[in-house]
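One chain, chain A, appears in both complexes that follow, with chain B as partner in the first and chain C in the second.
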Partner chain A sequence: MLRLAPALIIALLVLPVGAGLLMVLLPAFGYLPALGGHTASLAPWQMLFAQPGLERSVAISFASGLVSTALALMMVVLFLAASRGTWLDRSIRRLVSPLLAIPHAAIAFGFAFLIAPSGLVARLISPSLTGWERPPDALIVNDPLGLSLMAGLVLKEVPFLLLMSLAALPQLAPEKRLMLARSLGYSPTIAWLKTVLPSLYPLIRLPVYAVIAYATSVVDMALILGPTLPPTLSVSILGWFNDPDISHRFMASAAAVLQLGITLAALLCWWLLEQLIRTLTRGWLTDGSRQRGETALRLFGRSALLISSSMALAALIGLGLFSVAGFWRFPEVLPQMLTLDHWQRSGSMLASPLLTTALVGLISTTLATALVLATLENEHRQHLQPKRSLWLLYLPLLVPQIAFLFGLIVAAESVGIRPQLGLVIAGHLLFVLPYVYLSLAEAYRQLDPRWLQVARSLGVSRSAAFWRVRLPLLLAPLLTAFAVGLAISIGQYLPTQLLGAGRVTTVTTEAVALAAGSNRRLIGVWALVQAGLPLIGFMLALTLPRLLGAQHREHAS
Partner chain B sequence: MTALSPATLRLEQIKIALAGRELLAVDATIAPGEVLTVMGPSGSGKSTLLAYIAGFLEREFSASGGVWLGEHNLLNLPAEQRGIGLLFQDPLLFPHLSVGGNLRFGLPRHSNDKHQVTHALEQIGLAGFAERDPATLSGGQKARVALMRLLLSKPRAVLLDEPFSKLDTALRQEMRSLVFSQLREAGLPALLVTHDHADADAAGGPIIELG
Partner chain C sequence: MPTDLNPLRGTFSTALATTLSTAMLALALPAMANPDPSDWQNVVAEAEGQTVYWNAWGGDTRTNRYIEWVAEQMQAQFGIEVEHVKLDDTGSAVARVLAEKQAGNSDDGSIDLIWINGENFAAMRENDLLFGPFAEALPHFALTNAAENPEVVTDFTLPTEGYESPWGKAQITFYYDSAQTEAPPQDMPSLLDWAEENPGQFSYPRIPDFTGSTFLKQALIELTEQDEALYQPVSESDFEAVTEPLWAYLDALHPHLWRSGRTFPDSGPNLRTLMSDGELSLAFSFYPTDAAVAVMEYELPESVRSYVLAGGTLGNVHFVAIPYNSPHKAGAMVLADFLLSPQAQAEKQSLAMWGDRSVLDIAQLDAADQALFQQGERHPSELPADALSNTLPEPHPSWMTALQDAWLERYGVN
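So, the complex of A and B:
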């Protein structure tokens, strides 16, 4: 049974993506018998390229992916280089997991509330600095260049890249490298950039690629922060797929293939940039310069991440404020009246989506955790090295969701599975699995093997040793991995919306649906609930091991 | 730290404590070209003493006493400006740089690196190794490159933290004589911590026993 686990995981990840891509590729060239497409044709493509504003949609999708990733990576790298051992370093390390747990949509809403013409930032500086007595008439959120979308993406990408880097760093023994470089006269930030970064980057390359793929094709954030006329390509595709006119389905398939191409082009462009930067900095690494740029880099490294983390926190506070705001005249920083009306009115509507969210999250995460544990235990028992096929784990994160989920529905329907709750859970599993694996694998492999040898030598069977020794010892990382899985599931918009055919509603689909309207108070309530759920998971994951540990100690005394 | 005339390293009434318990107390003067050996079992705080002098002492230790290099009070300077070179058990050659790259990493900026690197490699019997990946070197070769990288950076004093303990016996003798002759030639004050009496004998300088 156990031996099948790795194959099962790979199949679970590869088959749906493959089938989904195939069933998007065929209709893109006119072939989809279920919808009356029996012959290959280029009509979908001709129709696609005749769409007004397509070039702009494509350009913004491409640019927002590259620009936001470059900014986020630069901020993370310089922060790590400049802040080691400072209070900022310690507080950000504590904040990074909760920040990562906040769903994209909640961050996007909160960020929009901050920067909107009548948002918190404008209120803070008005009328004292700006002279505004009324909100300025400016298109800040949904700006045509996608700048607010890029900024929102950066806020979410920074904690992800930071966490991935922090997980990879210990194996590089950065302290030793730094000590050596500093004893040779290198100032701390420069020393980190010259001696740690070149070894760190290869270890976080796949996560960086996943970020690019995500950012070029994101739907929920683009619905909230992105440009509208035309929207990003991914948002256009969603509209075309939902169009009642059947011919739009074929065009949408072509557009999904185009989206895949854009993501691949962005990845290729990034790879070329990598080569360019490597060539350009090769001389700098060994030119002996030890101090130059230290102050500027240190200043930027510390302030940029401080600002982005504060923005993310302020976004949450903004959501909270709007959710309890009554009457709120413009330049006032705080509402004149606080009220729980919006919460009370939403209360009854929240119950069912909350239940669905919890159900989908718990089932998909439990399945994912079981599969990951089986794979890791098998790896341990067979004394296997972590496989090179590991990068397949990243497949669902590297292929844009919008490019294969529609095809996945078609594929599922062709074997008689209709969109419904079960399909949503299976879809979530696809995205939860990689994250659970990534957050658990390192802790699993690092557990001192002698614990299990001791258990076995005391006459305990292999599986008993797994249940009675390994799992209790790994309780903390296991719970964290579970909380990560839950957070990923809770935040999923597109898989829930598409695989549930709009009939499976979670707090995330409901919150994003509110983006079209303009009731900020209601949005505040839903986005806050959406942000709060994963945080509860993380808090439980942090406190449970302590509570259980305290119990042990009490029994002992 | 620009004057390059040989300077004396003075350790003045140094006391280091951890959680209120005194680990060690040292008072010594090391002349240029001299090697002071500090001996003691593991846990006696030898490496902590080096960390204090070089500027890397962990927060949980408390320390008092002065560290002077010639006229300069080193305790006022950040680690990278103290002019103190370190040699560890592990050679710690950077894996992302070639052998030559590692040596250039040690060279001061704007020095005539190409010639110096070639010359340095010849000195340690590794001529033509500049483009090699450090991972392809033997243990002894790595140790020699690490020593050369240290010397190229023109330190004003050197601290050695059990630098020979990971080499096999035959190599150990060879490295000892190479390291100590190079240090003497460069006229640098050096502090060696070790638990191996043969190291202390080879160093030939005064010995302080801890613990």
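So, the complex of A and C:
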């Protein structure tokens, strides 16, 4: 049974992505019999390339993916290099993992309100410092270069990359490396960059690739923060797929294929940059310089992450204020009155989506965790090296959602699978599984094998050793992985909406539907609910091991 | 790993083959027998116990609350379960029916009723995605007095031919903060003057948004000399010549808009949020009661007032339609009929519930039913009741698409 796990996992992930891509590729070349497309043609592509502003859409999708990832990675790396385990450093770390849990759309709404000309920041300094009685007519959110989109992406990418790095770090024994380098006279930040980073990067490379793929094709954040004339390619694609003029579907399919190409091009470009940087820094790594740049790097490393985390936090506070706001106009810093109306009005509509969200999240994450554990345990028992083909696990993260989901519904319909809860859960599994694997694999492989050897030598069977020794020892990373999985499931919009035909309503689908009404007070309520659920998951993941650990110790004494 | 992967490759290609062959097979299957709307008793009997999935835009909590009320009534009166599938874009429901048709699912679709009008209706009709005719056979349909009120059987100049049933009425309504603006503009030329004097305080939603596109049509009707051309398919007239005054107008207007016309609000409701933030001083909505509702919900100040342009504004009727592959057509028809009942229409029109105008010919109702429509005092931010008589009919739907394409061509890249 266990031996089948890796194959099963890959089938579960590769089949849907492959089938979905196929069903997008065919219409991209004119084949869609239901609409009278029976012969292959290049017409969809001609129509696509005739769209005004296509080049700019493509350029912004490509650039926002690369720039935001580079910035986020730099911030995380320099923070780790500069962090010294002080109180502030530890609090930032603690703050960051719950931030990971907050859905993109919620952060984007809050962030937009923070930086808009009539937003929180402008209100804080108006009219006292600026003299503005009315909000200035400045184009900040939705700027044509996509800068606010990139900033929003960075806010969400930083917690993810930091968590992935923190999970990978222990196996590198960074303290030993640092101590050695310090004894040779390297200043701390430089020492970290020269001795730890070169070994750390290969371990977080796949997560970095996943971030690039996500950022080049993101829809929800781009809708809220991204440029509009023209929008990013992914936003255009969504519009074309939903266009009532049905001939647009051919072009939308071609555009989805183009999106895949852009994501791949961005990944290729990043890979080339990796090679370039490796060559360029080879000299610096070994030139023996011990101090140069220390202060600047340390300052940047500590402040950048602090700023981005506080921005994310401020965005949430803004949402919270709106959810209880009465009339509240610029330049008032606080609402004229507070009211619970918005919460009360939403109250009755919250129950059923909350239940569905919990159900879908728990089932898909439990399945994902079980499959990942089975794969890892199989690897351990067969003494296999982590396999190359396991990169297939990341396929759903590397192929943009928008490129295969529309095709996936057609594929599912064709084999008679109707939209329903089960299909939604299976769809969530596609995205939850890779993240659970990412979060758990290293901790699993790094667990000291001697614990299990001792257990076996005491006559315990393999499976008893797994259940009674390995799992309890891995409780903390297991719960974190579970919380990450839950957060991913809760945040899914497109898969839930498309695979459930809108019948499966989660807090996220409700939040997006309400967002169309642009009532910021209600958006505040729903975004907080959406953010609150995974937060609870993370709190539990952080506190449970301690509580259980304390119990264990009590039993022992 | 290669050994582990081998069986997988087999499964993958087999599954693909199955996928394709099933798709082709399904295309050949005949549809199930549809309920006959003229035999109403049978329809009601068949409907009992069905679950109707009603796909309707879900961006407004008041609409959502009304639909919830409808669902309760349907359960109590007919034993029909109504599930509101909340959409962020009605186009996505059209796309869903299309995807089902593409996959050969012709009798077990996922949508039973859809809130629709205009170009979405035109697109679904053109591709035979709707069930019908059924609307004129609904018992309550007679109350609309269609002979006198042709707008309930005409959707953007297209005859509905019974493929959708009227539900409510909308009309472009402007609103402004009377504490900041004394004399709001009353027609398109004075709107331009007003924008020049108050730069950055007016805008319209980005095309292809529905409300934004309606603004283009509104401006075109006022500016062009060739009004009659707008009520024919666009292919029958000289598009450039008819729309020339519109583009000249927009070229002049855009530099004075919010953000100098370099970006536009993303939807009709978004205009309201910008009013609320104090970024705009003048805005418009498709729902005449929108401003009053926003005041009640703390979004706008109490000094907000609504009005209709001097020469009238565009108005239209919104409908419900049944996709051709709905498995619960009987339930959907009973629901569409209930929506036309005086009880449901009056509840919908009440400002405390939703505030959407009725499609019934209220003067023709009997006294008891007329009494249902008596409202309490008018909200000060609401439009005076007589203002809405000045309704301009919607142009042919092909104009909407043509205007959208031309706008994107001109202003889509800044």
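To be clear about the criterion, the second predicted complex is superposed on the first by the 492 of 557 C-alpha atoms of A that agree within 3 Å, B and C clash if a C-alpha of one lies under 4 Å from a C-alpha of the other, contacts with A are read in each partner's own complex, and residues count from 1 in each chain.
The rule is simple: a contact is a pair of C-beta atoms (placed from the backbone, for glycine too) under 8 Å apart; a residue touches a chain by one contact, two chains touch by 3 or more.
For clarity, every value in this text was computed on a predicted model and none was experimentally measured.
S.K.: Looking at the overlay on chain A, is there a clash between chain B and chain C, or do the two fit?
M.R.: Once chain A is superposed (C-alpha atoms), there is room for both chain B and chain C without a clash.
S.K.: Now for A:Val333: first (chain B), second (chain C), both, or neither, which partner does it touch?
M.R.: neither
S.K.: One more residue to check, A:Phe406. First (chain B), second (chain C), both or neither?
M.R.: second
S.K.: Have a look and say if chain B or chain C is in touch with more residues of chain A.
M.R.: After superposing on chain A, more of chain A is contacted by C.
S.K.: One more residue to check, A:Met179. First (chain B), second (chain C), both or neither?
M.R.: So A:Met179 only meets chain B here.
S.K.: Using the touch definition from the top, say if A:Leu285 reaches chain B (first), chain C (second), both or neither.
M.R.: So A:Leu285 only meets chain B here.
S.K.: With the two structures laid over each other on chain A, which partner does A:Leu355 touch: chain B (first), chain C (second), both, or neither?
M.R.: neither
S.K.: Examine A:Leu299 and indicate which partner it touches, taking first as chain B and second as chain C; both and neither are also allowed.
M.R.: Neither chain B nor chain C is touched by A:Leu299.
S.K.: Taking the superposition as given, does A:Pro198 touch the first partner, chain B, the second, chain C, both, or neither?
M.R.: First partner only.
S.K.: Return first, second, both or neither, reflecting whether A:Thr509 touches chain B, chain C, both chains, or no partner chain.
M.R.: In the superposition, A:Thr509 contacts chain C only.
S.K.: Which value, in Å, gives the least CA distance between chain B and chain C in the superposed three-chain arrangement?
M.R.: When the complexes share the chain A frame, the smallest chain B-chain C C-alpha distance is 27 Å.
S.K.: Per the definitions at the top, what is the overlap between the chain A residues touching chain B and those touching chain C?
M.R.: On chain A, the chain B and chain C contacts do not overlap at all.
S.K.: Give every residue of chain A touching chain B within the complex, in rising order.
M.R.: 176-177, 179-188, 191, 194-195, 198-199, 285-291
S.K.: How about chain A: which of its residues touch chain C in the complex?
M.R.: For this pair, the touching residues of chain A are 3, 6-7, 10-11, 14-15, 18-19, 22, 32-35, 52-53, 56, 116-118, 134-135, 137-139, 142-144, 223, 227-230, 239, 241-246, 249, 325-330, 339, 341, 345-346, 349, 387-390, 406, 409-411, 413-416, 418-419, 497, 501-503, 505, 509-510, 512-522.
S.K.: Write out the stretch or stretches of chain C touching chain A in their complex.
M.R.: 1-2, 4-5, 7-8, 11-12, 15-16, 18-20, 22-23, 26-27, 53, 55, 57-61, 64-65, 68, 83, 85-96, 98-105, 108, 110-111, 119-120, 122-124, 126-127, 199-200, 206, 208, 258-260, 262-264, 266-267, 269-270, 272-273, 276-279, 297-301, 401, 408-409, 411-414
S.K.: Please name which positions on chain B make contact with chain A in the complex.
M.R.: Spelled out, the residues of chain B in touch with chain A are 54-56, 78-81, 83-86, 88, 90, 92, 94-97, 100-101, 104-111, 113, 149-150, 153, 155.
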